[in-house]
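A, B, C and D are the chain letters, set down in written order, and residue numbers restart from 1 in every chain.
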Amino acid sequence: MTSSRLEAFSDGVLAIIITVMVLGLAEPAGTGWADLVRSSGLGLLTYLLSFVYIGIYWNNHHHLFQLHPPVRGRVLWANLHLLFWLSLFPFTTGWLTESRVALVPTVVYGLNLLAAALAYYLLEIAITRMPGGERLRAALGRDMKGLLSPVLYLLGIGLAFVVPWLGLVPFVAVALMWLVPDRRVERFLDAHPDTSADATDDE
Amino acid sequence: MTSSRLEAFSDGVLAIIITVMVLGLAEPAGTGWADLVRSSGLGLLTYLLSFVYIGIYWNNHHHLFQLHPPVRGRVLWANLHLLFWLSLFPFTTGWLTESRVALVPTVVYGLNLLAAALAYYLLEIAITRMPGGERLRAALGRDMKGLLSPVLYLLGIGLAFVVPWLGLVPFVAVALMWLVPDRRVERFLDAHPDTSADATDDE
Amino acid sequence: MTSSRLEAFSDGVLAIIITVMVLGLAEPAGTGWADLVRSSGLGLLTYLLSFVYIGIYWNNHHHLFQLHPPVRGRVLWANLHLLFWLSLFPFTTGWLTESRVALVPTVVYGLNLLAAALAYYLLEIAITRMPGGERLRAALGRDMKGLLSPVLYLLGIGLAFVVPWLGLVPFVAVALMWLVPDRRVERFLDAHPDTSADATDDE
Amino acid sequence: MTSSRLEAFSDGVLAIIITVMVLGLAEPAGTGWADLVRSSGLGLLTYLLSFVYIGIYWNNHHHLFQLHPPVRGRVLWANLHLLFWLSLFPFTTGWLTESRVALVPTVVYGLNLLAAALAYYLLEIAITRMPGGERLRAALGRDMKGLLSPVLYLLGIGLAFVVPWLGLVPFVAVALMWLVPDRRVERFLDAHPDTSADATDDE
């Protein structure tokens, strides 16, 4: 079995998460610019941040399955585990906004980022342990950004205890860092064009 | 006609159900840990339970169509029948949470689980009765988990009349039982690699 | 260009419409059976009716594109026109429920059914007028159910002026009539297996 | 890598945006025709306008990827950038309706249209700069409608300062202009049938 249905399902879930967050945007109470900024300004910024994060996960997810690893039970559940944490973004983003970036909601947002990063890492392990997964491991190489991200999330959680707003700085920094897309798999495929076929073909 | 469009549609519906449930999570009234636990703690747990159930159905649905049975009217409606009961999960989960696990909402949640299980069973029958369905029947063999689940749902419904919370124990137990993914179809395909092609090819 | 992306987009929209309606279900005010029936009983029934209608449209839509007609601008917009009317179902169903089946909401629901039926008919015309569309026209033959449905919708709208509830009878009758799936295209493909390939191949 | 997964994800997001807007439609306060017009009349019109705009973007998006350009990081993010602005439509449409077409909400709606047009233009540039993109550039030729649209959006924003309602006239005009679907790519493919294959084949 190939990974196409798993990708389609994940795409669906990610597409809904990214879109459903906009439903949480409070409509301005009045009809002026000041009302827009006061009621929805912060909400638009946190929506943008979470939108970028979901975009990053979609982007990387897509790279992870680009080599079409065989998909079995363990990978299916590791994938659902990742989707579970990502599906909480509308909730944690909403609370962060509603609280005007209070301490606990900022920490909870950081924990959500941390849990999603961990789940992604577990999914990566589950895939690379499948037969044929060595190719993906080789393609990924040393994942500096993947190692740095949780450290920065922890830093953000720590900074939130000083000033809650400060905790968002590392969260934004990680997002910017990942906006530069992950070229590793693409580079590997360019260098090893013969391995781009289905994993089952050449193992 | 192959089953791919039916699978894509089902994936879409399941992806939306799983994601839309998070919209039902009440945002904490305050900004502290206690507010999070009080307003959203139970909601997060019931969300997790229903998330796992939808994940299980997606997982098994996917196994059911892995042999690409021909899809005709009866199967289409049996599939929509299953999706109908699954689509009620956001509603029954929401009521269960809202009522803080009262008797009737717990029973209704159990009846929803029971109806979905019955609908899944009817879908299985509809598929195995199609030409080419014998292969799926052979692959499924004796479905112990499928037989045990409704019994445990009934047990949970019964226990709810003693103490409502107690009714959730069998519901959680069934979810855990299914988290171990269904290897039967995969095992059958491994053992009979020649039958993995489209049903229309070898009938 | 084949019709696959149009089908995928339509599937997505239909999957969302069918699922989003459940968000309109009012949660019971209390925790007893009587509360469930009073707050959500009618909502569950109208949800079921609209669910079946969306299911019917998905089912027939799928038949319409089974012969993979070439898709050009006119067909794309005829399809979006159909999706527009179908997307109003959550709104008209919600009002019907909220008003406890009052006169005007029942008439509006009937007009929504009528508009969707007309849009479907226009889509059918748009497809059969494309090069290669004669095969679909031949497959469809005389569409008795398609002709009878709008007549019954008009009957329902008329009956609503007598007693609003009575207007729902023909709406339910049409849904039951269509539950028996449309075998015409399937039968045609069975009789003419050589035409099941892509339209561009044999024109 | 081909563009199919990017298209599927975009389709999902657009399908959800288009459907989710209907959730913003206020249900009539009473059960008469006057209630329907008063509570939902304006909402239905603005919903229709935004529905058509999302339909136009889906339609054109689909044309942009019809030549299956290779998809790399830059294109992925240009696409997500477009989806971000489109995902704000439910929000800006809702405010426009809620305010009964006040000045600032009309300007904001116009700015949303402008930002989406700019994002689409950036996506077009990102694709045509990829290897193989010259074919798309050749197919697109001189994009009169694409150049005219932002000018009309600016005109609408300007007119809104005179009378807010007047600002909607150019917005409706642009939608009508685009309803005539973009035949350029289709015409190019008809004229150069040999180039319809995957970009990687002939470069």
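Here, contacts are C-beta pairs under 8 Å (C-beta built on N, C-alpha and C of every residue); 3 or more make two chains touch, one makes a residue touch a chain.
From a predicted model like this one, the values you see are computed outputs, not experimental measurements.
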| item | value |
| --- | --- |
| Chain separated most widely from chain D, comparing mean CA positions | B |
| Classification of the chain A:chain B interface as same or different, half of numbers criterion | different |
| Computed distance of Cα centres, chain B from chain A, in Å | 26 |
| Chain centre separation (chain B, chain D; CA means) in Å | 37 |
| Chain A, residues touching no fewer than two other chains | 8, 12, 15-16, 20, 23 |
| Residue numbers on chain A that touch chain D, as the complex places them | 7-8, 11-12, 14-16, 18-20, 22-23, 25, 27-28, 31-33, 35-36, 40, 48, 51, 55, 58-59, 62, 66, 179-183, 186, 189 |
| Residue ranges of chain A in contact with chain B within the complex | 1, 5, 8-9, 12-13, 15-17, 20, 23, 72-74, 76-77, 80, 83-84, 87-88, 90-91, 94-95, 98-99, 102-105, 108 |
